[in-house]
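First the structure, in the form of structure tokens, and then the observations on it.
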Amino acid sequence: MNANIVLSLENITKKYPGVVALNNVSIEFLEGEVHALLGENGAGKSTLIKAVAGAIPIDGGSIHVGGQTYHQMTPHLSRSLGIEVIYQEFNLVPPMSVAENIFLGDRVNEKRLVDYAAMNAKASEIFQQFDVALDPTSRVEDLSPAQQQIVEIAKAVSKKVKILIMDEPSAPLSVAEVEHMFAIIQQLKQKGVTIIYISHRLEEVFRISDRVSVMRDGRYVATRLTQETNRKELISLMVGRELKEVYPSRTVIPTETVLQVKNLSGNGDRDISFSVKKGEILGISGLVGAGRTELAMLLYGAAQIESGEIWVNGKLAHIRSPQDAIRHRIGLLTEDRKGKGLFLEMGVRWNISFPIIRRLSKRGVLDFQTENDIAEKFTRRMNIKTPSLEQRVINLSGGNQQKVVLAKSLAAESDILIFDEPTRGIDVGAKQEIYQLMRELSDHGIAILMISSEMEELLGMSDRIIVLCEGKLAGEVQKEQFSQDYILDLASGTH
Amino acid sequence: MSTKQIIYLALIAVILVGLALFPFMTQDDSTFNLVILVFLYMTLASSWNILGGYTGQTNLGHAAFFGAGSLATRLLWVGGFPAVPSILAGGVIAVALALAIGIPAFKLKGVYFAIGTLALALILNITIGNVFPEMSYNPAISDYQIVPRYYLFLGLTVITIAAAYFLVNSRWGLGMMAVREGEEAAESLGISALRHKLLALAASAFFAGLAGSAFAYYHVSYYLNMPFGPEWTFDPMMMAYIGGTGTVIGPIIGSIFFVGLKQLLVWNVGEYHLIIFGVLFILIVLFLPGGLVEAWKKYQRWFTRWYQRRNTSPRNVIGTGHLP
Amino acid sequence: MFEGLSQNLVFGILVGSLYGLAAMGLSMIFGVTKLLNVAHGELIMFGGYACFWAFSLLDIDPFLTIPLAMLALFLIGAVLYSLIFSRTIKLPDESKVKNSLLVAFGLSVILQNLALRFWTADERGVTPAYYQTSFTALEVRFPLVRLASFAVALIFLIALRLFLKNTYTGKAIRATVQNWEAASLMGIDIHKVYLLSFSIGAALAGVAGTLVVTNYSIQPAMGLGWTMKALIVMVLGGLGSIPGTFIGGLILGVTESATSFFINSNYREVAGLILFVLVLIFRPQGLFGTKES
Amino acid sequence: MKARMSIFALVLMISLILASCATPPTAAPAPTKAPEPTQAPAVAQAPEATKAPEATPTQSFPPAPEYIEIGASIPLTGKFGSLGSQVKVGYDYAIADINAAGGVMVAEYGKKVPLRLTAYDDESDPTKAVNNLEKVFSEQEVVAYLGGAASGMHAATTAIAEKNKVPYLGVSFAWWNIHQRGYKYLFSPFPKSPDQARDVYKALNELIPEGERPVKVAVFQEKTDWGNELGGLFKADAKPAGYDIVYYAEYAPGTTDYSTLIQEAKKAEADALLGMPSTPDGMAIIKQMSELGWTPKFTMLVRGPDAATWGENLGAAGDTVTMFAGWHYGEKFPGIEEINARHQAEFGRPADILVGPAYSCVQALADAITRAGTLDRNAVRDALAATDMMTVIGPVSFNADGTGNVLNPLVQWQMGKMELVWPLDQATAKLIYPAPAFDER
């Protein structure tokens, strides 16, 4: 490997009101290496690449590229230096053709008008290198995410990319597609392109990267040669200490079935059957896009059921809308807490009482006293740290927000709760509290369906795990069979 | 150049020659008036389309440019200036106005831009009406000739359409479309959204201003604030939508369709024609956002799909497993 | 001078309350559904005609025709929403606003021409017997009709506030405004909420129409002018803020009458529009709105 | 790329075809009314063959056209709609009456030829009015134009008449200056601004004893050409007649708020208000005067109160307002009774005030065609210039500038009705003066 430094960041600092997003970050990137950037949500990875790409101005530090020092980047400058970024949200113009997207903003040749024939030919040429058969005249909006990503890569290549930054590139891809992407990355690497690969999937990092840098809370933590490090070390670098999560153990043995799902299809899921007992925690595992959240939406009536049946407490339940689900005492804690679970601009009281205000109203007019009592009760029970019930939830921490969401579901007196990624983006302390709460709830006889991408918490909390793969039920795993490898095999469809 | 392209160019040439010879085929003033109206609307709709269709900035103040052009021309011409420089001045004034309001106006995004420009046009409409309350008469009324005015409009229309065609098929045109689809995406591709929007606005205003100038040269008598009226924005916009925004051909089809159908409706259903237009417009916005052009393309696509189904070949495959 | 100025100010405020009421419906619809109904002026016109016909055919006092106009416009709003606007509701925000603007523009053409066919282009006004009555305080005249209109606007402002704050439906509407996805997941039928909000907005236009026909006059082409007034007021007051809208109305009213007094009444509308453009550019969230996060 | 080119070509082709097809419009525009023999006896007798040479059976004539085509653009909707619809009724009545008597004698063809009017609505939009007149000119090859309503509209359309060299007869406009543009084809049997400015003071001086006259005058001038002209004349004629302009203000047409103007006029202690608003503007002025409690002793608004809906919309507040309408159904000229009877049957009220002047236009035109003996437009124009006849609005003759020498009656709204109050020999009621305060009506 060549040891030329192509990009070096020195003491990059970026402040937002109230937050230091980047705090004196310094990293060096070598020519022709695949350099993984690791860190938890909010560690500052995305901010850092935006700073490199010139998408945001920086408040301090400098960027060195090709022997020059820059104290401020602009999108134009960064591109002229050969830096290209593929964001999670693709920067493509959907109704335009593949070739138009690739060459947008460039002249293909010296003609004044756009020479479509030359443009299409050049695009095809790039695709051939990657062993891809993509029609340059097809419209981007008709392509799959994987194909769109290829277009993004081709766009970067057409711009004579030197440093390619990829932000969570594998998120929308299937296993086979990820393999293909890795092949392309290898090919680019051989040509001397530096790849900065951002991911939170450790397996991928070990598969593809040469070196790995870890960030935490806006700071640079460490860089390691991938071959010389291990999973455990990286995790402890990411979270800042040895990870030792304690999962509360079960005290009640569930027996009575409360929810039974028979051959359920719809919303992309096919023919799914399982059942949940009273007081049981059922884990739902699968890769991104395997149809886990989709299943939750089906059970909650937020998506249309095409066929199959849902039985609640031994009775066939017709769930066509969230109202129906709420009537059957099914509650949902959404994955996208801020987007779909909370009214951020409203107070704590409003958020807790809202789902049940119909019950609190007499002839359409609200009973404020009861509303207040309920909100107060659950705030205390959940140990929500808030100065008052009127405090807008946007001002609460992530963990407290999640507790408000929980309180809301409890106030609705649900028998069945669906938790979609309940601990995403909240700190370790709050995680612990949430695990404790979930355990308490199940001890009180509430059935819980828990969707999680964190294998450890899934294994630690669940009584049973079902695994989804590409919209289908790949298997059901009993507590005694619990093993990470087995579940991953099921999830990736290799079993 | 392929033979097909040659055939198309020849066809366009034949049509242009036909239109150029048109005054030798008829003497009828009302026919001229009708054709001139179509030309006027083609120019207005095409120029609106550069900003509204290609760049995606719904401009509800197009009348301001039309009015500015006609105001400048009429004042100069009535004041004794020769006609040709007066007409060119109209276009220039419209561009100056566009650049003056462009930078503040583009601080507004989406619908705010739309209502902001509407407000600007209304401000001008009222103010011009206050400043020039008097009817303006055509200085050439005693020996008014329709044929030169016909050629003026024909030339203007051809130039506008050709300019629109070349603009949108240039690098700038791709940039404008990228801005329409997403300003942030375009910016991250190194395309300056503001610069592209300003260019589109200036081009749009220039041709609208020239249309106003031609109108001022053509029209016998009117109040000077009349060309600032909102109908000069809304009618061309409706035409662009009916034909298909974001295409060169859409506004052309739209204006022929609009004027032609309007005449037919006026003859057949009389006063209800505007109601029918309103319904048609709503239906197109709701169900056929690409206008008549899209309807035609859908028909075409259906045809090619039918053709493809007979000769199936896979397209768009990635990961065939043979990497170099 | 002073007497003239204070009289002008009072008239500005009285007229402003009417602007506020006219904008309240528009603001309600925009705030909840994100549909920009530029046919709002036409809805006001229909409300005005409802009042006019009830007054001249049935001899009902114009202020007593308000429930009638509300009911009529509520139904019209429901029909328009179900037939037309519901088809744009699922679009992403940006194109939703734009498409609803275009659709509403087509609608305004239709409504205006329907009115023309139904009721001719004649200017219509309602002049109840007590029209000439007015009170004088500190040498400033308070015409009874205008005072009553002010009171009506105020009553509807308060009623709307109470409705949104204290009822289940009102809370459902506010929840939908905040976050329709969350509201829908919490069991709110958001389509019902949209339908209801649109109809309530239309009904408010009906109320405004009755006041317009009693204070001014109506004719089929009046729509655009009142739509612009409502838009100006809505932007001044901050999008979706009901009390802000009312205050925005007062500001527009006073601005207009001050322009008449100090400059020239010819530039009244211009002053309002310039204020509007300035606010759009420098404070798009409105004078009283908070910046969207 | 190819697809684009093909569409481009296709549409240009269609455009060409469409454009060339547009030459002969296949569908005829709806003529306003079929010339049916009406039940009423011909009121307006087309001047019979007395003046024209006697047609003898032996003489051979070229084939006569089916109709004498007349074109018009009338504001039936929009802000002048209420005026235009009155005008249209006048035209229709006169044409029906003449056609009931067989039509107009044209010596050239040796027979009577009926009239046919093709009238389009211009929605009070001068541009549309111009287009309409161009259209009827080339499609119907009209012999003459009839005008619409309101000065601003006529200002636009008279230019077309001059350009196309078609005789033009119009009423409901008082703008004198149009007649000073040297137009040869324009004729208007209607009182003009100088008459109105002169006569308002003359009438006041004749009707009101000295000492009680409203000598302090306020003028609200609409900011249009005609408003400017009439306002200036009001001002110029005041002093010689013994009046004093104490307040003079301009406003843009379509203004909704007049409170500043009214307060200023009130402060200037004006006794009389003179203005020339459109109907909606006039209604707004009166409403706001009543709100602000300013009742001048005398109010004259030219044009606005002509609308039949004035009384309905304003109620008692609209009373005592006076106007110069050009005519009144209570005048005592031949033919008026029949028109009133017919109008009463159709609309439930005697003829509206613009019906008479409109009627007289058709009378003058028919007379001129007969005297010309041909449908040649220049001959008709020359004959019109020599008009001297009795019509429903009294004797009519034209000056060199096309203005008419006609009676200029002062009309006042009284108890929701229009009454003629001056000149006294035609009067149907006495002028109510001074006007009672608004809150005492």
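As written, the chain order gives the labels A, B, C and D, with residue 1 at the start of each chain.
Basically, contacts are C-beta pairs under 8 Å (C-beta built on N, C-alpha and C of every residue); 3 or more make two chains touch, one makes a residue touch a chain.
Everything numeric here is computed off the predicted structure, so don't read it as measured data.
Trainee: Once you find the CA centre of chain A and the CA centre of chain B, what distance in Å lies between them?
Mentor: That pair's centroid distance is 45 Å.
Trainee: From the mean C-alpha coordinate of chain C to that of chain D, what's the distance rounded to whole Å?
Mentor: Averaging C-alpha atoms per chain gives centres 38 Å apart.
Trainee: In whole angstrom, what separates the CA-based centres of chain A and chain D?
Mentor: Taking the mean C-alpha position of each chain, the two centres sit 76 Å apart.
Trainee: Residues of chain C that touch two or more other chains: which are they?
Mentor: Answer for chain C, listing residues that touch two or more other chains: 116, 266.
Trainee: Of all residues in chain B, which are in touch with two or more distinct other chains?
Mentor: Residues 126, 130, 271 of chain B each touch two or more of the other chains.
Trainee: Please set out, as single numbers or ranges, the residues of chain A touching at least two other chains.
Mentor: Not one residue in chain A touches at least two other chains.
Trainee: Given which chains touch which, is the overall layout a line, a ring, a star, complete, or other?
Mentor: other
Trainee: Using the touch rule from the top of the page, what pairs of chains touch, sorted by label?
Mentor: Pairs flagged as touching, ordered by label: A-B, A-C, B-C, B-D, C-D.
Trainee: Hey, which residues of chain B end up touching chain D in the complex?
Mentor: 2, 4-5, 8, 11-12, 15-16, 18-19, 22, 25-26, 28-31, 33-35, 37-38, 126, 129-130, 133-135, 137-138, 141-142, 144, 219-223, 226, 248-249, 252-253, 256, 260, 263-264, 267-268, 270-271, 293, 296-297, 300
Trainee: Could you pull out which chain C residues touch chain D in their complex?
Mentor: 4, 7-8, 11, 15, 56, 116, 120-127, 129, 131-134, 141, 143, 145-146, 216-217, 219-221, 256-257, 260-261, 265-266, 268
Trainee: Considering only the defined contacts, which chain B positions touch chain A in the complex?
Mentor: Against chain A, the touching part of chain B is residues 166, 169-171, 173-175, 177-178, 181-182, 184-191, 314-324.
Trainee: Which of the residues in chain D end up touching chain B in this complex?
Mentor: For chain D paired with chain B, touching residues are 2-9, 11-16, 18-20, 22-23, 25, 27, 29-30, 121, 126-127, 130-131, 134-135, 137-139, 152, 155-156, 159-160, 162-164, 181, 223-225, 227-228, 252.
Trainee: Taking the complex as given, what residues does chain C use to touch chain B?
Mentor: Residue positions touching the partner: 36, 84, 87-88, 94, 97-99, 101-103, 105-110, 112-114, 116-117, 224, 228, 231-232, 235, 264, 266-267, 269-270, 273-274, 276-277, 280-281, 284.
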